[in-house]
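Below, chain A partners chain B and then partners chain C, in two separate complexes.
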Partner chain A sequence: MLLLIIKKEILAALRNVRLQIAGIFLIALMLVAVLLGRQGQQLIHKEREKAQSAMYDIWVNQGMKHPHSAAHFGQFAFKPKPVLSFLDVGLDNYTGTSVFLEAHKQNEILFSAAQDSNAMIRFGEMTMALVLQILLPLLIIFLTFNIFSKEREEGTLKLIYAQGLSMRQLFMAKVWATYVMVLAIFIPVICIAYFLLDYQSVSMDPNIGLKFIGLTITYALYFLVFVLLSVLISAFAKKSSISLLSLLGLWIVACIILPKATANLADKAYPTPSQFEFRNTIREKVKNGIDGHNPRDERLNALKQKVLDQYEVSSVEELPVNWSGIAMQAGEEYTDKIYDREFTRVENIFKKQNRLSEWVGFINPYLAIRHLSMAFAGTDFDHHTAFARAAENYRRAFVKKMNKDMELNHTPGIAYGDYNVGKEMWSSIKPFAYQLPDLTSILSKQWRSVAALVTWLLGLFFIASIFSNSISKI
Partner chain B sequence: MLRTINLTKKYGTHTALNNLNLSVQAGEIFCLLGANGAGKTTTINLFMNFIQATSGQVFINDLEVAQQAQATKKHLAYIPENLNLYGNLTGLENLQFFAGLGGEKPKKEVASQLLKSVGLQSEAINKRVKQYSKGMRQKVGIAIAKAKQADNLLLDEPTSGLDPQASNDFAQLLREMRENKVAILMATHDLFRAKETGTHIGIMKEGDLVHTLKSDEIKLNELEQLYLETMKTESHATANN
Partner chain C sequence: MKNLIHILQFEWKLLWRSNMLKLLLVVMLGAGVYGIFFGKFEIEKQNIRIAEVKEYEQGRFDSLLTWANLDTSILANKEKYLKAVSPEGVGWRLHFSHCIVNEASPTAGLCLGQRDLFPTYYRINLTDLARQMNTAELANPMKLLTGNFDLSYVFIFLLPLLIISLFFNLYSDEKEKGTLSLLQAQAISLNTILLDKGFLRLLTVWAISAFLLVLGFLIQGVSIANNADIFFQWLLVIFAYTLLWTLFMAGIVALKKGTAVSAMLGLGVWLITTLIMPALLNLFVSANEPLPNRAEIIHAVRAANNRNWDSPKSFVLEKFYEDNPQYSQEDTTHFYKWYYASFALLDKEANTIRNDFNTQINKRNKLIKKWEWMAPAAMVYEHLSKISKTNRESHLHFMEATHDFHDRLKAIYYSKIFAEEKFNQQDLRVIQAMQRY
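Let's look at the complex of A and B:
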């Protein structure tokens, strides 16, 4: 019986010219989004890989110089373009793409796509995610808004009921029929996307297959939520026009108004400091100490005394090691400590904002899918901070190596300009290589969104099982 | 067999059906006559369990509808007043679909034969229903009802909007079903068709079944007279109110 209804619904939809056009348009849109997205992802990834390699060559071939000068000469870290970012570009257009790594300073990640684009980017790039999250639900609305009300208006609902079918059976049959149609549009395109995965970049993106499956399942669940919700509204709406207006209203609230309102609310509830405030706080704390009672001069004098005592000498000139190297590394470590505290503080504010948005996923499934989609695609905030931390750790490691060399090998008495090292030293620093977080890490951070989506599904099935038998037949 | 005991349906203070006691045996066609709002469709809707009774009981083959709604459907076929069917499906596909829901989906050949047997032209069978006239849709409805082979049939204004030829064909089909021992309850405005097709006639007024007659015991002009007088009384009652 279920199959009979599914077959009938699909046949009727296939013979509906308006739905045919909408379906073909959506498939074409998804294919274009996938193909262009994939092309763009590969291009950007190759460009960044090339740039990373070129910058490393420049580092290795910088010639003979003092290690501290090399630490200031610095290196660049380029954010790799995640393999699945062609499906969901997420925050990638707004977060930077590369960071200059040098001694003493934690630079910002610069050069976001949004900086180089016109205002249209604010409306979102045409990606598979945009089509799946916003436009496909619209198709679901057009497929379902009169799925019950039209039957009621045309008297076929009475006839179906007269054949001995319960309203609950009919409700579920219509849900699965619509869902099959949605999957018939979604699955072929997502399969094409799978075959287009950039396997050359997979090494930096672990569990890519599982992430892709996770992304696919998540979207499939999201569509089921929308189908259930739409069929429920159609089932209880007195007229098709009321059903359509209610569903479109819900779509506008869920996909446009609520996400903006949530972002504004999160910003008001957890305000973030400006870039200037952030930098200024670090500068002040480096100068005056973390608690304001331990200024730089005092810290340096205390360290000097400790080193002199350790080597049992009375002046830095008598030290067997380079005092400047020790002082610089100590300065680095102190700055790192302050930076870590401040970075974590700001990161926590952003996390709180994101958490708030994730909790709103229990009210709005669109937000749940948005968070999950970006997370699986590797383009969310957590992935950005993971890259920022990886780049900062790399900076610390190479600056430390320069300082250590200076401490041990630039013996006192030799002028700064007379101590130089070369290619062997530069090559000992391995090129920057970054791996995206794995699936476990993603799921552990995104449990709220997963729970929100599952709650929506269970809740809607529960409501349907209780109320579907009371759907009016007349 | 179709039966009601003290069946009442109220909408707030308005009584749509008042204490209806009705029985339609196998091989009988009971035609319910009455003005709009007399309670004819309410009676059909209660048999179909589309609405719940305020009090009283409805039985189909001794199964109480309120208790065993789904089970009663096995014994019941139904043709609504405005049968639009699915416009994007052909007559054949509509029949196969509805008959499939009611039991076993008939094969193409069987379904085609059934449609022809109710008078649908061969060339129309594979046309989409949106191109059908009301009479043609009604014929598909009858085919759906026949395919179910139920022993009870409910009809809500089945001949409204049909041309005389289609209406006559329809009456002939009902007579055939009556011969096959189907109990038929038909709500209609058509006095002529009720007299000509029905075995029993009931006249309803403001929720009450005022008269019950055997159609072979009354002439058409007498039925018309009785009907008009009943309606007049109704008018007077309304006027007095």
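Let's look at the complex of A and C:
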């Protein structure tokens, strides 16, 4: 009996020309998004890879130089385009793409695509995620808004009830029927996407298969939430038009209005500091010490005394090692501490802002899927900071190596210009290779959104099981 | 004419007495007022930050002016005096930097546009400009992605939804309520009645959008009288946009479909024009037209810098004298002359690449422009941000102004450096007057 009802619902929908058109339109849109998206991902990925290796070649072939001059010459880190970013472009158009790594200074990651595009970019980029998060729910609404009211208006609801089927069973049958149709649209396209995965760049993206499966499962859950919600509203709406209007209203609020309002509210709740204040704090702390009572000169003098005592000599000239090298590395390490503090402070503010919208996922499932999808695709804020951290660690390591070489090998008495090293030194610094965070790290950061989706699902099943028997038959 | 007024009167009564209109208007007004206040706060935040920078910079420059007046016979004053009057930047760790600010236009708060993507000020000194302009305001990319809930957003995204909900059952409602045959029995043709009904709704939409716009100007404290041109440009764009939407809906009503189908069609048009088309265009462009790798500029500058340091001083100075005959001198060994001339070479190098990049980006953006008509919402957004000077072009103008400012700074500094002179009070005042704040 249940299967019969499911079959009937699917047949009825398949025979509906409007739904046919809508379904085909969505599939076509997703195919375009997947194919073009992959092309774009490949294009950007190759460009960045090329730029990264070209810049490394320049570093290796920079000629004979003092190691500290080389540290000033610097290197670049380019942000790799994540393999799954063609499914959800996430923040990628708004985050910087490369960073200049040089001595003494932690630079910002600059040059976002949005800065080079005109206003159109603010309308978003077509990806599979956009179709699945925003458009597919609309299809669900059109599939379900009259799923009960139509039978009620035609009087068939009573007949079915008379066959001995409880309203709860009927409700679930309609839910599963709709869900099967949604999956029939979703699964083929996601399979195609799977075969398009770029296996050549998988090395930078651990657990890519698991991430892909995670993405698929989350979307499947999200659709179930939406199906349950719309069948529920349709079951209790008196008329088809009322159920349609309230569903569309909900959709507009959840997918269009609320996300904007949430992001704006988060910025109000946890205000972002200004660049001016940020840079001034760093400058101030470098100059006067982290606590404000430890100026640069005093820090340097204390260090000098310590080194002199260690080697039991009375002046810098008598040291067997290069004092400037030691002083510079100490300076680096001190500023690193300040950079870490200040950058982390800003990062934490952004994380708090994002967390607020993750919590709102309990009210608006669209926000939950949005965060999860970006996280699996490797295009969310946590991935951006992971890249920033990797680039910064790379900078610190190679600058340290340059300073160390200067400390040990640039013997006192030799002029700055007369101590030079070459290719052997430069190629001892391995090229920058960044790996995206793995699945556990993603899930540990995204548990709020996972919890929100699961809560929605359980909550809706619970409500359905309690109230579905009281659905009116006439 | 009499008939028209008659129909309008009664239709208005019907509209007003159905609570639907009241509800929609309340929602629309609520969203509009929220958008106005949000834009106001956002732009005030920017202005406060700009004011902070200006105050700080003013203070720094004022102390420079006092230092230039110090009595140098006192030893303790000597260092400060030299810091103030040396064009070579003696005593500064990284030279003295000057500030140029991009003030918000009066109506920037109504359409925040692209302003949140760019720095609102640059602090620059005599050294090469390219590396100094690589700054960004701190912003959560999540917020940038989600965008701003300002008045332009309400007009572009939400107003069409109001129009759809006012129009979708224009015909079908009469049919489904059974009043259609009554109308058909009237002396006036059904089409006239429907046209009048549509006209009334358009007037309602125009009234509410004009009201919101006036409210926006009032709440944000922008004088309409002083910015009448901006006000009317806004009004014109919004009236045209709403008219376009009315035409879309008229087309849908003319199909004479049922209520649900008409609503879905309206929503479909909305989805395609405001969501799907812009997103597809963006996807198409990003998949086919790569953006230039801006790191190239930084690299070119550092490579040129390397070359300058590795070559004899005459290498840089000869090139410099060639480009700048006004400073032509025989001196090819002076450290500071060489030092600053080498930055001028870096600027030249960077500008060549910058121009190439701009050509490439313009080509890319032209491609989008060519297809923009498919996405009227994006067109309107582009227009409104242009009127409010918050679009990307406005920022490019600011960048040009910054380049110009840097060139003029260099002209003053170089004339002193190459004449081996110090600044006097007058020079400093000229420089202060050049800073745009």
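What we mean here is this: the second predicted complex is superposed on the first by the 474 of 474 C-alpha atoms of A that agree within 3 Å, B and C clash if a C-alpha of one lies under 4 Å from a C-alpha of the other, contacts with A are read in each partner's own complex, and residues count from 1 in each chain.
The working rule: a residue touches a chain if its C-beta (ideal position, glycine included) is under 8 Å from a C-beta of that chain, and two chains touch if they have at least 3 such contacts.
Predicted, not measured: the structure shown is a model, and the values here were computed from it.
Of the two partner chains placed by the overlay, only chain C lies in contact with A:G96; chain B stays clear of it. Once the two complexes are laid over each other on the shared chain, residue contacts for A:A220 go to neither chain B nor chain C.
In the superposed pair of complexes, A:A390 makes contact with neither chain B nor chain C. Looking at the shared chain after the overlay, A:V180 reaches neither chain B nor chain C. Touch counts on chain A: comparing chain C and chain B, the chain ahead is C.
In the superposed model, A:N354 lies in contact with chain C only, and not with chain B. Once chain A of one complex is fitted onto chain A of the other, the partner contacts of A:G155 are limited to chain B, with no touch recorded for chain C. Of the two partner chains placed by superposition, A:I363 touches none, neither chain B nor chain C.
Look at A:V307: by the touch rule set out above, it reaches neither chain B nor chain C. Legend: residue contacts after superposition of the two complexes on their common chain; A:L210 is shown touching neither chain B nor chain C. In the complex of the two chains, the chain B residues touching chain A come out as 45, 48-51, 70, 73-74, 76-78, 80-86, 88-89, 93, 97-98, 100-102, 105, 128, 141, 144, 148. Note for the complex: chain C touches chain A at residues 31, 34, 38, 41, 49, 52-53, 56, 113-114, 117-119, 134-149, 153, 157-158, 161, 259-261, 263-264, 267, 271, 274-276, 278-284, 286-288, 290-295, 298-299, 302-303, 306, 361, 364-365, 368-369, 372, 375, 377-378, 381-382, 385, 391-392. Per the touch definition, chain A reaches chain B in the complex via residues 1, 4-5, 8, 11-12, 15-16, 154-156, 158-166, 473-474.
Chain A makes touch with chain C in their complex at residues 18, 29, 32-33, 36-37, 39-40, 43-44, 47-48, 51, 55, 58, 62, 73-74, 76, 78, 90-91, 93-96, 98, 100, 107-108, 110-127, 130, 134-135, 138, 142, 145-146, 240-241, 244-245, 248, 252, 256-257, 259-264, 266-268, 272-278, 346, 349-350, 353-354, 357, 381, 384.
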